[in-house]
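In what comes next, chain A is part of two complexes: it sits with chain B in the first one and with chain C in the second one.
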Partner chain A sequence: MTTTPKTTPSARRVARYQTGTGRPPWQLSGSAVFIAVLFALPGGYVVWRAITGGSLSLLLEGRALRPLWRTIQLAVLVSVSTAILGTALAWLTVRTDLPLRRLWRVLAPLPLVYPSFIGAAAFHSGLTPGGIVHDLVGQFGFNLELRLHGLTGAWLVLTLFAYPYVYLPVAARLATLPSSLEENARLLGDRPFQVFRRVVLPQTTSSIAAGSLLVFLYTVSDFGAVHLMRFETLTQTIYRNRLFDQTRAFGMAFLLLALALLVVAAERTVARRSAQIEVTGDRSPLNVALGLWRIPAAASCSLIVGLALFAPALSLADWGLFGWLQQRRGLAALRLDWGDLASATWSTVWISSVTAVIAVAVMLPIAYLLARHRSRLGGVVNSVVIAGFAMPGLVVAISLIFWTLHASPFEFLIGSMPVLVFAYIVHFGAQAVRTAQVAVTSVPKRMDDAARLLGANRLRRLITVELPIMAPGLTAGAGLVMLSTMKELPATLLVAPMGFRTLTVEIWDTYEALYLAEMGILALVLVAISAVLTWYLVVRRANHLA
Partner chain B sequence: MMNIWGTPDDAVAPSGLSVRDLSVAYEGPPVLIDLSLDIAPGELVALLGPSGCGKTTLLRTIAGLEHPASGSVAVGNRVVTSNGHFVPPERRRIGMVFQDGALFPHLDVRRNVAYGLPRSERNSSRANEALDMVGLSEVANRMPNTLSGGQQQRVALARALAPRPGVLLLDEPFSNLDTTLRLRVRAEMHRLLVDLGVTTVFVTHDQEEAFVLGDRVAVLHEGHLAQVGTPDDLYRRPADRWVATFVGDANLFRCNRPSGSCQTPIGEIPVLVGSDGPADLLLRPEDLALTEGSSGTVELIEYYGHDAMVHVQLDNGPSLKVRTNADLLHRRGDRVAVSYIGSGAVALGL
Partner chain C sequence: MYLPKRRSNRLSALLITLALVGSSTACGSNNEQSLTIYSGRSEKLVGPIFESFSTATGITLNVKYGSSNDMALALATEKDKTPADIFLSRSPGPTGYLDDLGLLAELNDDVLKEVDSGTKPANGHWVGFAGRARVLVYNIDEVVKEDLPNSVFELAKPKYKDLVAIPGSNSSFQDWFTVFRLRNGDNTATDWLNSMVANGARFYPKNRAIVEAVSRGEVHFGLVNHYYNHQESEKNGDAQRSENHTFTSGDDGGLMIMATASILKSSDDKDLANRFLSFLLSDIQQRYLTDTVFEYPLAIGVAPADRLPQQPIDTVGAVDIDNMAAEFTRTMEIIEASGILDQ
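Let's look at the complex of A and B:
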């Protein structure tokens, strides 16, 4: 990218001569553009198919808009409830004298370990005959008829498993908000509640908004939980029509894509306008004494963490243990042996590690472009990558399947591993780009200058100076991608090569076949692995994620 | 004088440095305009100027970290930057110490110092020698974040010196240190650089630091070299009004035709360097003394310990700064007179 004025050769030489640190080298711009084109491909294909395939006229029917309306309804409900729940929990655990605060701070983000469909399956199976809740109530002579389904069920389950997306950024913000702000507000005459409303809340809004945006995207792209709750959102319509009514499937995919991108664009416009103080102080924030309210506050925390973290685990463990005991007593054999379990676990760990490493490697040039050079190109590429994140996994999957089917030189890619990894990276790459950007920024430009003046060339600087300094940040980014990949259901379900069975696919199939005991065991393994990763990432290294 | 690099066989003569017609521009007005500066081998030159004058840009352009729009830079006889020719910084053999040291946080002190050595020398005793020079061999195995700010700066100096650079650049190397530490580290580095005889260019915004360390001082103002000279030159014979007021405290008296002498509110002043047209006479505070009398009032006293600065408002003229010795005879509000005790003033054309 050189701008050459139309002048004499010598003037042109001067212009090139001026190409300093501000403008990115062509290798960097080139790879960033290449990556952006790849990222835009699945979305572009959906738009192209929707326009050329006549899907858009379908959208004029009232019937077609019903799934859209249901999707919006659910997404707004879940966003609002998680915003309230996440903020309240964050405030209680970070800013008050709640008993066992440190324990709550560790437990509160952990519901992230459940993919929504496993959470939904755990609630469902717990309430059906044979499930722990149903049978416990049955001990007292009641026949529990309560079933979770529809809007209420989907809303409840998604709220419980998505609130950490609000909790984490808000808690981080509250923890670093300098106490001097609040002390000043007090000195200027505000009462504690006024301080919260006039100082704390405005300084937290952008974190709440960012968290709610994640929840909104999580909800509109959710596939498993709404399927289990039999609540037909756009993802369900797409999934149902993907084989026999592609026109409708692509029309709905187009709607879903438009909805997601619109919300992201709106949030970014609003976020750009809000003014925030830069947090620098290392002073501990003010704590509010709850007094008598400590007891109800602790009870609420127990209830939420109990429902979102322990109840699903108990329900799954109950089914798993039941199945295992049945087998031990020779009553019924589990349709799952250690070999199946081990191979599914291995597939999951393997594919998500590979995806994570590739994602970080691919995002590194973009991170460099964003962190080291001021160029319009960087902004555009970043938007494309974020759009990839906003694009639901199901839409990426549908797009890639039909693209590989129809694009004549690329048929050999159908159902191949590279396409699966590509789908994951388009969907989750943004998680790595953020942390990679933080990592690149954490290497001061002076460090690079110093190494240059000591005679190190580009490669030596990268290997001996930059990568070692960036390592913790990059590892955190890879971990986030790995965590998301191993929990991902629809893309895996649709794009994975024949016979490549990850834990999510096995869990899905066993649940659909109503082998609840097997489902319980598989789900517990997945939850255990992602719990370890979450622990490592969210609880121990949260500083690299901001 | 001790051999530059400790042992005779690896002695490298320090290089001179020559900057010719250098212009640097980003978007907007140029940062440096047609700037030329010659530095002799072994010389210690300070680049002095207010923030934003382009002094750091000049240093970074010499290092090759910035690309000039035109002009050339030569280290010794080797042209490293000229129109159409650009030697990348990693091949210039120029050492640089950054404001905060910029030590690699993941490498211990010894490996930091060895970083710039050729592969074959990285495990040799060269790194230890460099650490010895700055008197820090005992911290060779520590990590940078366990060192004090002054130690970090000395390690950074050892790291820059280890590969035997032809020229050493220092970018405000003491500005991150607190006052007492700054004076100590400054004195140590000064002695070392003089002993080694290495050609050194350093940037500072602190006039005292430039005067104390610099054999010569180059004053930059808005992208131009306002004046280059020895500290004494700059202080006694500044090139213009701006330099006069930037380096040191100045009392200025307007004078219409300064030749021979000039009449001022404090009497007749002999003029050393005249001017054809109207000019300002420069009277440094130490050229003035307080005497018995009643031509002005003491407004303000700044007490420094080794001396004091007394601000006197003349009844029939401007306010003057007078440097007196530390045993103060006057208090705020006292009536005094001011007399000239210098040997002649410089007239600065308007």
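Let's look at the complex of A and C:
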């Protein structure tokens, strides 16, 4: 395929860098600390406001602990269910003879394209009378009484839209796991389920943990789904009190931050304990014959992908199509300017591309520090960066407005693109950390050594040897950042330059004005573009995610 | 599975070009007169007003859209360094909050004289420019006219058990409840809300969701802003099975909530900003707001559109609120304690 060294993902693990080799050079530590300081800005603002505003005394009241407890309930439930769902789907699509496996591999990660707000709205109204699912079922004489709300509704919607965070790394890990271990276990008399539990599961623990961590943080920072499902979590309390009771809002943000840091630390402990077997050899993974289970397995996949991917799309199409048909019949013109749509699409694509590229570049030093050096600093930096993912977009935006105007020499940057890109990176950079780390690990040490012997300096080795090998992994990470950026709303509204309108801004605007048909069309455009990009950037490179 | 080197270079080159093109289109020239507006009303509603102002005067408007509370939060964070000249808010709450922080300027007399005394505060720091009435939306198939209440207090009676929806977390409802509380006292207001909850009042987060739920009979009544039903009827025609009911004139259930306009103290061209406010209160723009957006015009001498309930409705400004933040915090506490949000 190319001139780069022949390296399949598994072969690349032959002689990878061992963590703990030497102290990190000062340039690396220095840049990692610098990046961590930037990432700590929102959290720092929250801590400062919570302390100086007297929020801490609020935290002991029962009233403050209720939203915290609900947040923990929801986040744990969603993390556990996505861990099970994501792992099961990954195993089915990668390690079995499931029918239409290639199709499932493309479709399974795609629910990631829905902003939770739009997904939940589509879901919610599809099921209620007047909604497409409800009315379709009604055609067959059933009266659907299902009304999604509260913990159940939020849990279901978030599980369906967040499981790809587990599915992607686990599928990648399973695809690179050699068959020899499982074959040996089978030869020694283990039944397929025992093989899964004793061999496969321990080897994927760290991927599951990393994916579940992202799901947990995604859930605690989510606003859209819990808002529509009327479930009062911390982000809801922050949102409701953001103006008139900032003491409470920052107190809740402080709790959110503490929770996130705690969970990040816990995940590191789990990940460190699960020693992964170094993969040698280069054989294709074992395919388990499902036998009679093929049909139920395929049915479950259809159900999940149907619910998570097609049901919301159907609702959106329903709204959009209804409006379009009315226009065709001359009833009501669509209040949609195609020029605006095109420019919003363009703005969305370019700002998220720029964000993704810079985010990956920023994550590289951290990835090097984590992958090649065992140091306390690496752990701290990692926690700070990942905690950024747990901060609600609103909090990130307000804190950056504050820092830009009142505590930095960059006042002139207010309302400019750099601040917006910075906000996105602080918020979503965490999603590229792990892929960047995996990418760094995948560079065989002997190649770097060879280049060094030939007299190539650090920069030259990075450009000519390491980056080409890491490119696919880094691209997959960039894809994840890009997707989240495309879906972001609150920070975009507050920080973006005036007149800069992305698709989510247009969608919000039409939603506020009750233009459902227009909203359906805009949302479909966003979802379609995201789907193509997910496939192009993430799914095709899925093996580089773990 | 990975990109050949040459292709990936081209990809990043493309991305960098995108970045450059994007940022160059983002910066506009800035030599003519311009105003910056933070708008808590959405572009679909007020955008046409901005456009006609720019066309008529040649003045460029830079507008940041968002929810009123977010815009006020941004302004409170930016303080005197804000680029904003004008703040348009859905309701007086966020505006009053900024006024309490001392961030708003007094408006010119020719702007203030456009509206009645009930539509502006004594210090002249803001004006109402459009009104939304709180009404009771009801299902026309399930409810006979005789069963419609005269007062919002009747909704706590057993007759309405499990049939009424309240948008407890919605900012319009909170505006209304704050005034309701200040007019009737904390005890009466708290008792009313608690008895509503005891009477099985249902919680929905948004006015719109309530109008939809009432139309399909999920609940029979809902406390909402008047214009959602007009918009839904416009869209759905006869399929919309709900209508607005206004409480008896003077009843606490039927207050008017004003959208407000104010000018920031830090604005460096307040006369220009006042000029925009005059434009907003001009007959043509007020007619647009009532005929197209179905809101109540607030400039003196402009009549509401025919389809709106015609009886006079008290405005929120009729109650003087000294400390917005404290009052809204109290409102929030009572609403939270009532348990309506926990459904």
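Just so we're on the same page, the second predicted complex is superposed on the first by the 375 of 546 C-alpha atoms of A that agree within 3 Å, B and C clash if a C-alpha of one lies under 4 Å from a C-alpha of the other, contacts with A are read in each partner's own complex, and residues count from 1 in each chain.
Here is the rule we go by: a residue touches a chain if its C-beta (ideal position, glycine included) is under 8 Å from a C-beta of that chain, and two chains touch if they have at least 3 such contacts.
Note that the structure is a prediction, hence the values are computed from the model and not measured.
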| item | value |
| --- | --- |
| Partner chain(s) touched by A:W350 [first = chain B, second = chain C, both, neither] | second |
| Partner chain in contact with A:L261 - chain B first, chain C second, else both or neither | neither |
| Partner, of chain C and chain B, that touches more residues belonging to chain A | C |
| Touched partner set for A:A451, first chain B, second chain C, both or neither | first |
| Partner chain(s) touched by A:T510 [first = chain B, second = chain C, both, neither] | second |
| Which of chain B and chain C A:L321 touches, first, second, both or neither | neither |
| Contacts of A:V465 with chain B and chain C, given as first, second, both or neither | first |
| Where chain A meets both chain C and chain B, residue numbers | 468 |
| Complex contacts: residues of chain B adjacent to chain A | 25-26, 60, 63-70, 83-84, 86, 88-96, 98-100, 102, 104-106, 115-116, 159-160, 163 |
| Contact footprint of chain A on chain C as seen in their complex | 1-5, 8, 12, 15-16, 18-19, 21-23, 26, 28, 36, 42-45, 62-67, 69-70, 72-74, 76-79, 81, 83, 93-94, 97, 169, 203-205, 208, 212, 216, 218, 228, 231-232, 235, 324-325, 328-329, 332, 336, 341-343 |
| Touch list for chain A against partner chain B, complex | 10, 13-14, 17-22, 444, 446-447, 449-457, 464-465, 468-469 |
| Chain A to chain C touching residues, read off their complex | 1-4, 9, 63, 128-130, 149-150, 227-228, 230, 232, 236, 240-245, 332, 335, 347, 349-351, 353-354, 357, 394, 398, 401-402, 405-406, 411, 414-415, 417, 468, 471-472, 475, 490, 493-494, 497-500, 505, 509-510, 512-516, 540-541, 543-544 |
